[in-house]
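In what follows, a single structure is set out as structure tokens and then discussed.
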Amino acid sequence: MSDDLQALVDRLPSLGDAVLVTLEMTLGGAVLAMVVALVLGFGARTRSLWVRGPSRVVIEFFRGTSLVVQIFWIFYVLPQFGFKMEALAVAIVALGLNYGAYAAEVVRGSIESVPTAQWEAATALNLGWFHKVRRVVFPQAWALMIPQLANLLIQLLKGSALAFYITLHDVFWWIDNLQRDTRDTFFSYGVGLVIYFVIAYVLTWGMNWAEERAKRRLGRGTRPRLRDVFGLKPGVPTEIARVKGGVA
Amino acid sequence: MNEEGIWSWEKAWEVLPSLLRGLVITIEATVVGMVIASILGLLIALAMRAPTRWVRGPLRLVVDFIRMTPLLVQLVFAWLLLVDVPPLVIGFGVLGVHYATYMSEVYRAGIEAVPPGQWEAATALNLPKGRTWFAIILPQAIRKTLPGLGNYAVSMFKETPFLFAITVVEMYSAALNFGANTFSYIEALTMVGLLFLIVSYPTSLLVRRMEIRFA
Amino acid sequence: SSVDEGGSGDGAGSTLQAIQDAGTVNVAFNGEKPYSYMDGDELTGATIALDKEIFGALGVDDVEGTETQWDSLIPGLTANRYDTVSAGMSILPDRCAQAAFAEPTIMYTTAFLVPEGNPEGLTDWQSVEGSDLTIAVTSGAIEDGYAKKTGVKTITVGDSTDGLNAVVTGRADAFALTGISIRALAESTDEPVEATDAFVATIDGVAQIGAGAEVFRKGDTELLEAYNEELAKINGDKEKWLEIMEPFGFTEAEFPPEGLTAEMLCEGDLAAITDELGLDS
Amino acid sequence: MTTASNGTPAIEFKDVVKRFGDNVVLDKLNFSVAQGDRVTLIGPSGSGKTTILRLLMTLEEANGGLILIDGDPYTHEYKGDRWVEIPEKRRRLVRKRVGMVFQQFNLFPNMTVLENITEAPIHVLGKSKKDAVERAEQLLEQVGMSEKRDFKTNQLSGGQQQRVAIARALAMDPEILLLDEVTSALDPEIVADVLGVLREIANTTDITMLLVTHEMQFAREVSNRVLMFDHGKIVEEADPETMFTNPTHERTQEFLKAVLGR
Amino acid sequence: MTTASNGTPAIEFKDVVKRFGDNVVLDKLNFSVAQGDRVTLIGPSGSGKTTILRLLMTLEEANGGLILIDGDPYTHEYKGDRWVEIPEKRRRLVRKRVGMVFQQFNLFPNMTVLENITEAPIHVLGKSKKDAVERAEQLLEQVGMSEKRDFKTNQLSGGQQQRVAIARALAMDPEILLLDEVTSALDPEIVADVLGVLREIANTTDITMLLVTHEMQFAREVSNRVLMFDHGKIVEEADPETMFTNPTHERTQEFLKAVLGR
């Protein structure tokens, strides 16, 4: 055990870099996923089949094949067609597309849960489509989305552990190396458990805070108490059962 | 680039039988894991409504810890600890427990989405607690959770590759095995992707049907 | 860090030319002692030492590494993510169709990792053949092939630590891997396990001669030939070979016999090789 | 149907206090309803009418005071000289005597019309299925919904749902029926229909009724006493005739003017 | 506020057909509303009143016929001899002249009261923020909501929300105002209040109004024409006095009896 601790201490300096890589992937992936989700989510509920069809195909494709296979293709196969990206970029693109496809369903569901009457009221005021979405519908849907997006963010964080597969030195790589050094799986994975939990916890705080803020904008909910923000609040609030499309 | 080209159908067919054998394990794990997750998830959701904080607090902590840490690590831990349990059983169990923590949230949301008027009507009719749960609340709540459960089934299906860490050879590790022996990774993994798609796309269509029906 | 992104073989120019111009070659490694691994910040190991020697002679002074999981070593090579794979990969007929192997650099033997005291008394492959013991093998390793051919019950583990765990927890009676790896594994752990003596497995009466080598892309013939040329100088001089390899625990037993070529191993007719080289297990 | 007309009030509120946070909704409210009485509560929005019915149905907990049904304490009682909450078991015995119809009907959507009505008689009163169905059919007949007995509730219009809800409450043979704005979620033309059903029940049974309604005409027809509330206090109390034609209190005049006089 | 009182009707329906699936709600409906007219639509539930207003607001697409605003085709026009849908761009120009107040208010919960009112004037009419706020404050004053200008909408009661919704519609300076049962989601006592606001607007502007209401008293006071609908057809048309005291058609008599005569 003291050997284990020694190995841990020796490896600590490189933990910072590893965490950084994991965070870069997670946050980069999350931002891209959000963009993808918005495009596909709105695409999947337009009336035009020419937009809806491809959106659905892309969503189903990226949800249907698994993340490992997608990463494999983007990192190892596409270069053979002359399309080569840096490993970090590949990780972000793959995570963004995969979780973006899931998040697209969340976006679609939340948008659909905004009462039609809100669209109609906006039409009655003669607002244009983009304006309706940006100023009226999205801010309301946003509050509904956050808890599910928070769940997806945690899943995305865990999904980023595949990065080692494409030569990135993330937290999982770091744990793997610790395991090889110590040959003690319990110890090294235990350390890993704690690291991932801490990162997930911090991300959850951030999402709780965003949710409270969004709710306050709608005049719902109160000023967030510290407990609301820092508590390990369950992801899904009451309204979510109404939201179609759920997480997966 | 290989002079033979990137893709060889011959290799693709060659790997298929072992992938299909792996697919059986993958589907088994998903089905059994889903059954465990559905039941355990419901129990967790119900326990979370216990009136005392001494039940809710610790349970919340355990659930969040499981939810927020990687499945792979949980699998390996269980595999190392439960020495006498066959890996397949551990795989089913851990998948089930991991996803139960997600499903408990779905159930919770479903239960909370039952209008308070339903509880009140049950009280006004003087129905006992148990009857209220089983005849009034749960039938309504579970209908609303079906799409959510379906989504998690699709997602669990695609997380079965982690079972390779505990020596269970499912579809993904079968592909890697083939790849390591022949270096024909592209064929093997692409077939895996296709098989995933072939199974999960109809499932997700089914889920969306349910969404529409139960909306 | 010595980890770099990207192989030099993009586009039309030859990889050899490219790495000579850059003065750097990027090799993929799996972090497995004693073949190729990071020691702190330094890339080292037996195959790396060999590479440094050979590439140095080719006018490439810098050997940089990209650490990759075992299963992505070859896909990354085909995808031009690096120039060669330096992990002592076994030369097998099926593999030869997808990638180009240099001439053998290390001869492989097999050994078992067993619980302390070797309760089952394992010595060679025949001692597990026909028994109802469960043997742990790493996914895609040659030992997996031996087991399949001889009907030995196996479980498949991801890497050597998992194999160790399988033995320690009693899920497997032994863990079979190359002699060198098993020795390194037994030395690196405090768990109550030990390594059996290395042996050349005999399957169906044929000695399973196995050798590992550097791997190149199929198209990089020029680089492969240049590498082989320099390698021949080392392989032709046992002292020189030992000078490079001994610090990492390799012995004469792992020195490739004269006359053994990658081509022969790619053919896969092991009986013929034994005959031709006059080897005997 | 009443246990005894011995003068014990069917409902009695003694110094009942109800707060929501800082908002004191009922402040030491006292009133009683005799057995067989039909009492209408009127008053502006937020005056506490619904709260009174919900307290009676134990959907809310009182913060103080006593609520008695047929003289039996219902939510709290003094024991020694301390408040003691009445255990759920005894509470259920008392609650059996009370039925409630909600503004939003609150039918169980997972059951058919018939199942909605027989659920409680079978599982609370312990009736046999046959008896419960027989009684349910009789009640459905009474509210004019016989042909819909096997429909799911969401296949019904609002007025039809409310009639089923009334039948469901009556199936428990309550001594006391609470009705909270049972027509205000309905289309105007349909309101008359549901009120007709209630009028018939009022005329053919001696059930004690406590109702909140804005249909003053209906209140006038069925009730024998009207209580005007404001801010959780009884402002005025009279028979309907007096209340609607000749209210004495200024607040009542103002309120009735707003509700009736447009 | 009206463009020209040259006799062109403000609203004209020509053979308008509207179906939902197999349910033909409007079958070749023809009617017109003159500029400055105040027209009330009455009729039983499901007769198509809301549908008419929604068609005018382009919240529904007609299946046939022409809808004209100030003589301009609004949804379709004949070009050559084919139906051509009018592009959204031109439609928005016409839609500018129409405002609507909904039964459920439909305020935007993510905005304050003031933002609800200024959003469209700024972004659709292109008013400066200063001008829009000035006008909004004037309107809030008019509906008696000045002190609530920075509140979130769900901090308001129903009546207050409806008053803001009215102000929001008026802020667009519409020539035509559509009102769909704007008081039926409100508490009875508050209804009078909102109707008062509308009455004042009716009395102080020459805005064209098309309203659906069950408040017959109010219809009587503000409107100069009442249309009785049944099954998507105009059954009877008269000035309010005649309609409410002396309806000629049997269906109207029956309907008015149910709604008024309780």
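First chain written, first letter: the chains are A, B, C, D and E, and each begins at residue 1.
Here is the rule we go by: a residue touches a chain if its C-beta (ideal position, glycine included) is under 8 Å from a C-beta of that chain, and two chains touch if they have at least 3 such contacts.
This is a predicted model, so every value here is computed, not measured.
Counted as hops between touching chains, the shortest connection from chain A to chain E is 1. Considering the contact criterion stated above, the chains in touch with chain C and with chain D alike are B. Contact analysis places A-B first among chain pairs (by count of C-beta pairs in contact). Set against the Cα centre of chain B, the chain with the most distant centre is E.
Centroid analysis (C-alpha atoms only) places C farthest from chain D.
Separation between the centroids of chain B and chain E, computed from CA atoms only, is 51 Å. Centre to centre, using the average C-alpha position, chain B and chain C are separated by 38 Å.
A straight line joining the Cα centres of chain D and chain E is 38 Å long. Of all residues in chain B, those touching 2 or more other chains are 1, 80, 185-186, listed in ascending order.
None of the residues of chain E touches two or more other chains. Shared contact sites, meaning residues of chain A that touch two or more other chains, fall at 72, 76-77, 80, 185.
Of all possible chain pairs, the ones that touch are A-B, A-C, A-E, B-C, B-D, D-E.
Of all the residues in chain E, the ones that touch chain A in their complex are 54, 57-59, 92, 95-96, 98-100, 102, 104, 106-111, 119-120, 123-124, 152-155, 168-169, 172. By the touch criterion stated above, chain A contacts chain C in their complex at residues 3, 72, 75-80, 84, 86-87, 164-167, 169, 173, 177, 179-180, 183, 185.
Across the complex, chain B is touched by residues 60-61, 63-70, 72-73, 76-77, 80, 102, 105, 151, 154, 158, 161, 172, 185-186, 189, 192-193, 196-197, 200-201, 204, 232, 234-242, 244-248 of chain A. Residue ranges on chain A touching chain E, taken from their complex, read 115, 117-118, 120-128, 131, 135-136, 139-140, 217-220. Note for the complex: chain C touches chain B at residues 70-72, 74-75, 78, 92, 94-95, 97-99, 136, 139-141, 144-145, 155-158, 162, 165-166, 169-171, 218-219.
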